[in-house]
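Two complexes follow with chain A in common, the first pairing it with chain B and the second with chain C.
So, the complex of A and B:
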């Protein structure tokens, strides 16, 4: 490995990298290596962004689509956390529940969340219910697995101490397993949040009546490449925000528990 | 989970970048576990057929065992959605392997290079940071605009899906190599390609495999989504047609096929890992 770079070196190399990227893009578009409608110039994408914020596209402005995506996302994700985390903790305590749920879960786990789209659309429609179910399918497994693992790795002496003091099963779960598994649970929530967001975009691309995914598919239909790219940016930026927020929470908890390095 | 290797569980639950370390399950295999599992599955199968007889669930919502069976027979013998089941399966697996191998061939060396050379990291990282937050699925519309609904668009999507985790994990694999190992190799006078072969690759291999596992899992999701949006053949096409015709039996066939594919791909990467890192499985 070479030596650490100085700040100026780092800055110059980073700028060079970005210049190469945007330069290649601009050059390819300006020379019309591909027709302009397929490969817009970078500032044309920026213009499309401004236009989408101001005027509605397939029924909504960009903000409107984002709001309906986020609305579904929050529902699906909260549902996954509300079912997955308690179930995972309980499976970590009650052996019979673990034995019953694990084989089912192992079978369902290998189904890609997107493969639930046809059933989700059939059962809950394409408004809020269907996409919410797909988000649930994406976010649920990490929530459950991490809570379960967190509960399984709680130090035995804490559990024994609680039991000696006469704590019942639910109390052990609530007062011993839950607090000690918080770091694992939050890590699971973060992973689940990421997979949930991806699943949402997939669900909206395939079957939804509004949302950023729908916007992108409609734009694809009219070969409006700039709008497609704006949609990709919106998806990327919002996904990044979710991840940054949950990472901050994760680090805060780890620091408070003296786990951070 | 105890029934499967813990690493497989980690791979399927984590589709974001760096991974939680592989944890060995501390739950021993015990007969009670096995029997409860078998009993649960049997009870559910019985419930499924009883629910059908009694008519708790309409067959337009969820298929009965009979529906499922006849859909399976139809898809295997006469075919459905322009192909027989194995043709759809083969098409999807072929595309996944192609996209995955192409992403691996470029992503692993790039990640290793970025890990080894800080200059390369400084140069490439900003571009990478722009692309990284965009999930593979979000590339689908652009890929369709550019390349249509044929194999080329699918491979572009799969490549982009697999590329990001592969690069990140190869990169962090190199950065995780212990300093003394690198210094010892320097002191022993290892130069050039031998460093790559004997120090960098073996040191980064565990992390590389974490990346490959994630990318393979992501590929399956992305491909099913891409095929649901437009395809000539493939498991996603089967699911799409099943949804269009409101044919729950066929949807279930498609989902089971997707699950089996996921299982097979995970088994494949387990095998590759065992072969590549014999020192980890003694």
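So, the complex of A and C:
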């Protein structure tokens, strides 16, 4: 790390990065390095954004699409967390379960979530079920892996202390492995929240009626590149917000545990 | 209420580079009901292994470790352990840490509260019930660890160098406290230490162990001397340590430990 950059200097660096990004974009579009239809100017995207907020596109405004995306996303992510975290912790304690799940899981996790799209649609439908399953496929592996690693690396003395105090297996999992793995689990949820949100566009390729992904697919069909970019920005900004929120939660938990410096 | 502990021909070996090493070799020891036995020895003599076998965290390669004539097969709350590094749960408050074992016993909430309150008073922890371990000093943390063990009303209390991580002054206070608490609640105690002073001050008998292989070299009877010389009349540890009878025993144990000192080690 660089020595001694002040907060102000760091803030200026971030601003510089953004200026370079938008400058390059504007320049490339103004010089028509790509045809204007394929590479809109930043303010054309801004206009498209205002229009999408005010008037429906494919049946919904931008907010409407976003809400329905978030709805699917939250379901898929919560399902991944609700299955992945307990399963990972149990695998960290019960060796037989580890041996049953790990070979299967290690194979399946290399299949990109988008590859599940056809089957998700066939098995769970194109309404809520299918897209939810694709997001689940994206968010599940980090949730499980981190909980598992957290449970595996719990300091032996805490486990022994629980055992000599008469704790049963489920109690060791719930009262020792879970709380001492919280930093690892929260880190896993953060990564899973990201990969789940990334899978969203893939999930909405099969969405029937609404969603940011559907909006982008429809706009692509008519070469409405500004609308596609608004979709990209919405996905990016909302993903950033999720990450910032989860990072704040992570830091709060670490502070509470007295682990933060 | 209390129990006895027996080690019968206990050995523990492990293989390394296709050679057998004996961590413990033919250990025979009986700890009687309500007796306080300290094991001293150089590091690597297997004294902690002895304690962990009674706790059910490790097992002998041959021989038998029994509590009240029953072979130890797994850990249990009737054999409470106080660890050197405290091993308090950092995510639980003082109250919750002390409560942990009582929940294993399936005790009703009202009774739990009463028992915890009594032990918090006994260990002078009043006012710290809702503190987290990292907010406490080392000495206070060890008080919590002892309360967590005592609250279970265990048949035997296993203490693995419990004061090893404390500074000298805190250690002195805790040693006096342990003696005080032990008089109020007599208990079978197996106490591991490498501090000779501490073993003579606290224990009824001191077991001196040798290293490689870990064997019992000699067992020193402290209790007859303590009773005859009326150590209990002295309230402070330094007054007891000044007594000729104390110095005599301490020197004897020091000699036993030095005899086995291997010059090749240093």
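One rule holds in what follows: the second predicted complex is superposed on the first by the 219 of 261 C-alpha atoms of A that agree within 3 Å, B and C clash if a C-alpha of one lies under 4 Å from a C-alpha of the other, contacts with A are read in each partner's own complex, and residues count from 1 in each chain.
FYI, a residue touches a chain if its C-beta (ideal position, glycine included) is under 8 Å from a C-beta of that chain, and two chains touch if they have at least 3 such contacts.
This is a predicted model, so every value here is computed, not measured.
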{"item": "First, second, both or neither for A:14, with chain B first and chain C second", "value": "first"}
{"item": "Partner touching more residues of chain A, whether chain B or chain C", "value": "B"}
{"item": "First (chain B), second (chain C), both or neither touched by A:160", "value": "second"}
{"item": "First, second, both or neither for A:232, with chain B first and chain C second", "value": "first"}
{"item": "On chain A, positions contacted by chain B and by chain C", "value": "none"}
{"item": "Touching residues on chain A, where the partner in the complex is chain C", "value": "157-158, 160-168, 171, 175-176, 179-180, 182, 257-258"}
{"item": "Touching residues (chain side chain A, partner chain B) in the complex", "value": "1-5, 9-10, 13-14, 16-18, 20-21, 34, 38, 95-96, 98-100, 102-119, 121-123, 141-142, 145-146, 148-149, 152-153, 187-188, 190-192, 194-195, 197-199, 201-202, 205-207, 216-217, 219-220, 223, 225, 228-229, 231-233, 235-237, 239-240, 243"}
{"item": "Residues of chain B that touch chain A when the two form their complex", "value": "1-4, 9-10, 12-16, 20, 23, 25-27, 32-33, 36-38, 40-41, 44, 61-62, 115-119, 122-127, 130, 133-142, 144-146, 174, 182, 220-221, 224-225, 228-229, 235, 239-240, 242-243, 246, 248, 251, 254-255, 258-260, 262-263, 266"}
{"item": "Of chain C, residues touching chain A in the complex", "value": "55-57, 74-77, 79-81, 83, 85, 87-92, 100-101, 103-105, 132, 134-135, 148, 152"}
